[in-house]
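I've put the structures underneath this note.
Two complexes, one shared chain (chain A), two partners (chain B, chain C).
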Partner chain A sequence: MRRSSVFGIFPLLLLLATGEASAHAMLDHAEPRVGNKVAASPHEVTLWFTQKLEPAFSTVTVTDPAGKQVDTGKVRVSGNQMSVSLRPGGPGTYHVTWRVLSVDSHSTDGSFAFQVGQ
Partner chain B sequence: MSIRHARAGLSGLAIALVPLSPGVAHEIVGNRFFPATLGIDDPGVNDELALPTVDSFKTGDAPPVRQRDISGEFSKRITEDFAVSFGSTYTFLGPTDPTAAGANGFQNLDTTFKYRVYRNPEHEFVMSVGLSVEWGGTGGKSVGADPFNTYTPNFYFGKGLGDLPDTLSWVRPVAITGQVGYAIPGRNSTTTFGIDPDSGLATVDTEFHPRVLNWGATIQYSMPYLKTAVVDLGLPDFINRLIPLVEANLQTPVANTLTSGTMTTGTINPGVIWVGNTFQVGIEALIPINRQSGTNVGVIAQLHLFLDDIDPHGIGKPSFGNAVQPASPFARN
Partner chain C sequence: MDWFGAGGNGPLIAVRAIHFATTAVTAGNLVFRTLVVKPVSHFDPAAAKSLGTQTLRLAWIGLVITLLSGAIWLVLQAVSMSGLPLDEAMTPGVLSTVLSQTQFGMVTEIRFALAIVLAACLACHRSALADALALAAALGLAAAIAWSGHAGSTLGERGNLHLAADAMHLVAASIWIGGLVPLVLLLAASRHRPEVGSAALAREATRRFSTLGIVSVATLSATGVVNAWILVGSFHAFVVTGYGRLLIFKLVAFAIMLVFAALNRFRLTPRLAASTGNEARLDALHKLTRNSTIEIALGFVIFAMVGMLGTLHPAIHLVVR
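== the complex of A and B ==
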């Protein structure tokens, strides 16, 4: 490969790193943070993704330490953010399961946990 | 086609079996992202472009030969689970003996047909089968390209450890992938007729082309997985996108070995992959497992583009049928 061809790749790389190219919507971060502990049961769980989401095909469920669903079922999606309100619960490990469809039509899913208690 | 090997001839020497082609195909299975690894191929199928992959090392010949390769591979999904990839490599051979001539040229073209037979998101497990064909005569003899085809049926698998119990949560980011292939040359032997310069008598030299078991594996620790599925430690974004890994890429002649012997050759490749949203870059050391596999630590690096993410409605989608879509909004529990 000629050297000029190699150098020609770097502008493309820069474009991909900073541009608006679509991609799978992967979880970027969440609140409560993945695997972390909060003192009291949160009022809601919010997830931020790496891409914008299709609201009709994106969902999240939260279960308490007993495995009982504690989210209200009303998922709110705005851009790359998805939230769901929670009913009050006790201490222990809560599990969050999500599945989303990005605006470019890729679906992804995943799960994580957080702890409630001192 | 990723575990491929060239037996390049230079000044009558047989150059050690070394990996030539980049691995392709990243794969997402549930929480797990399997990156495209550099030494062996990955367990999934996808639309992607590995360009360029560059490597440099010294072969196991005596005296050793400095080999540098630049290769590219394009993979295209025909259906959601079936893909075809095309690869090409340009090789530079530079002898360390100043009296010997160097050589450069293309290796044989490669085509791989690959079908994903099973995917289990819950257990982060995926399995594929494939057939790689090295098209004989499409590369240069000076860099050791064979004049005959080689057919390699392959088996691929990947398993993430995300289903481990909470007490082992720090091990969940670990994943293992593997590939096993059986390379079958289209010709059993090559006979060369010549004249002995000393005696003037006719000579007959027969080289048997062995059937080779190509086998390899990777063990990976995914920082993206740690952050998004186990615990968010608040580390810098650059760290959260790294996947340190070790690859093993080995070859064992198992049949028709009269002239080749049966010694296993190959490399152990520690390295790291940085994963972006639409591309990844990786770099690994090439550590030969024995003298026959190489005479120094080499290096391999790769830029890998995720075409399904760069152009999801064009070249990045299957030729027939769309990517798997939910038929209706997800049912809630």
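== the complex of A and C ==
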């Protein structure tokens, strides 16, 4: 290979080897909203994703400020939407942890928190 | 250095690439046999018959490898979906959940049924109905891959557009790249047959395949733009994501294929048609064979890239908008 070709390819390789712009953005939005405060304990948590989900391999759990699981365990998935009902709880920070499989078979997981009362 | 972010997915990428390539070779062979060679077989019935046997054999080999690689793909996908190690994912419980409760599994079942129909039609290939059914099943086998990939999970109306574009993309790629394999066989055979009829068969088949190639390239370009718009979405995403970078490499390989295809179509095919002496004809055939073989090699490189692209998160989901 000629020397000029090597020098020509080098900047291209550097450009190609640069990192990703950001983390995955599979979760589009949620209700209660990520990081927001709601007045009373919600009846359910709903998450919307950027792609359609596979119900058989998609889960979500919600824990109360004491770390106790407050979701009923019955996750409902429809299209890109996943919901789970909650048992009533007190004020404080609730944590939502999810793992989903999109229809194109990509698994992603994540978590977020929301506040109740106070 | 992991430029594309596909680390750890080697076996899945390899099996997907092999599966796509053999599916394309199977479908492309049958299209070539039915739409390219059959209408011009009267020029040299013996050579056409011999090529027919070769394309049938290739379609069988392609189908068997498609079935085997499809089974391995299912197992690897079950591992990926369940998050379990291979020995635990290979249990009937996990595999039946994947097959019956996921879109990938259902598409796999439908494609398996199409493969069985195709095998039955190839087995009784002497009837015109069986040939037509085989062609439809082979093209369906290629098109249905769209439902197991990114297009299958795109939301709403855009999802329908994406599926239509991806299915057409897969069919066009199969016709072009898969059809190049029997074209090379025909051109190579023609070099050893000096008869006038054999030259006419090679000339007319090359001309017909060229037309099919132009339609395939136009379809690939139009549907490729739709797919890129949905999965990449911006120039920025092309440059900063592994998905976008790999797609740039794919486009470069496609562009090089186009150069060779254009040389074949606009320089060598007319030269083959106009050649009066045996030497000029052999030279044109030699160059057509060489260029088509290079196109096949580039096509297989593209299938390897597609094998990897499907395992990556689409670029549009990775950038801050």
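Note that the second predicted complex is superposed on the first by the 92 of 118 C-alpha atoms of A that agree within 3 Å, B and C clash if a C-alpha of one lies under 4 Å from a C-alpha of the other, contacts with A are read in each partner's own complex, and residues count from 1 in each chain.
Going forward, a contact is a pair of C-beta atoms (placed from the backbone, for glycine too) under 8 Å apart; a residue touches a chain by one contact, two chains touch by 3 or more.
These numbers come from a predicted model, not from an experiment.
*Asks:* Which of the two partners, first being chain B and second being chain C, lies in contact with A:L101: first, second, both, or neither?
*Replies:* Both partners, chain B and chain C.
*Asks:* For chain A, which side has the bigger count of touched residues, chain B or chain C?
*Replies:* B
*Asks:* After superposition on the shared chain, which partner residues are touched by A:K52: those of chain B (first), chain C (second), both, or neither?
*Replies:* Second partner only, chain C.
*Asks:* Could you say whether A:V34 touches chain B, chain C, both of them, or neither, answering first, second, both or neither?
*Replies:* first
*Asks:* In the overlay, answer first, second, both or neither for which of chain B and chain C A:M26 touches.
*Replies:* A:M26 contacts both chain B and chain C.
*Asks:* Could you tell me if A:T93 is touching chain B, chain C, both of them or neither one (first, second, both, neither)?
*Replies:* The answer is first: A:T93 touches chain B but not chain C.
*Asks:* Contact-wise, after the overlay, does A:G79 reach chain B, chain C, both or neither (first, second, both, neither)?
*Replies:* Touch partner of A:G79: chain C, not chain B.
*Asks:* So, A:S111: does it touch chain B (first), chain C (second), both, or neither?
*Replies:* First partner only, chain B.
*Asks:* Per the definitions at the top, what is the overlap between the chain A residues touching chain B and those touching chain C?
*Replies:* Comparing the two interfaces on chain A, one with chain B and one with chain C, the shared residues are 16-17, 21-22, 24, 26, 50-51, 56-57, 101, 104-107.
*Asks:* Touching chain B in the complex: which residues of chain A?
*Replies:* These residues of chain A touch chain B: 1, 6, 9, 13, 16-17, 21-24, 26-30, 33-36, 50-51, 56-59, 61, 69, 73, 93, 99, 101, 104-113.
*Asks:* What does chain C use to touch chain A in their complex?
*Replies:* 1, 3, 5, 77, 80-83, 97-98, 101-104, 148-155, 159, 236-237, 239-242, 245, 310, 313, 317-320
*Asks:* Can you check the complex and tell me which residues of chain A touch chain C?
*Replies:* Within the complex, chain A contacts chain C at residues 15-18, 20-22, 24-26, 50-52, 54-57, 79-80, 101-107.
*Asks:* Quick check on the complex: what are the chain B residues that touch chain A?
*Replies:* Interface residues on the chain B side: 28, 30-31, 33, 51-52, 70, 90, 121, 166, 169, 224, 227-232, 234, 276-279, 303, 305-306, 308-310, 312-313, 322-326, 329-330, 332-333.
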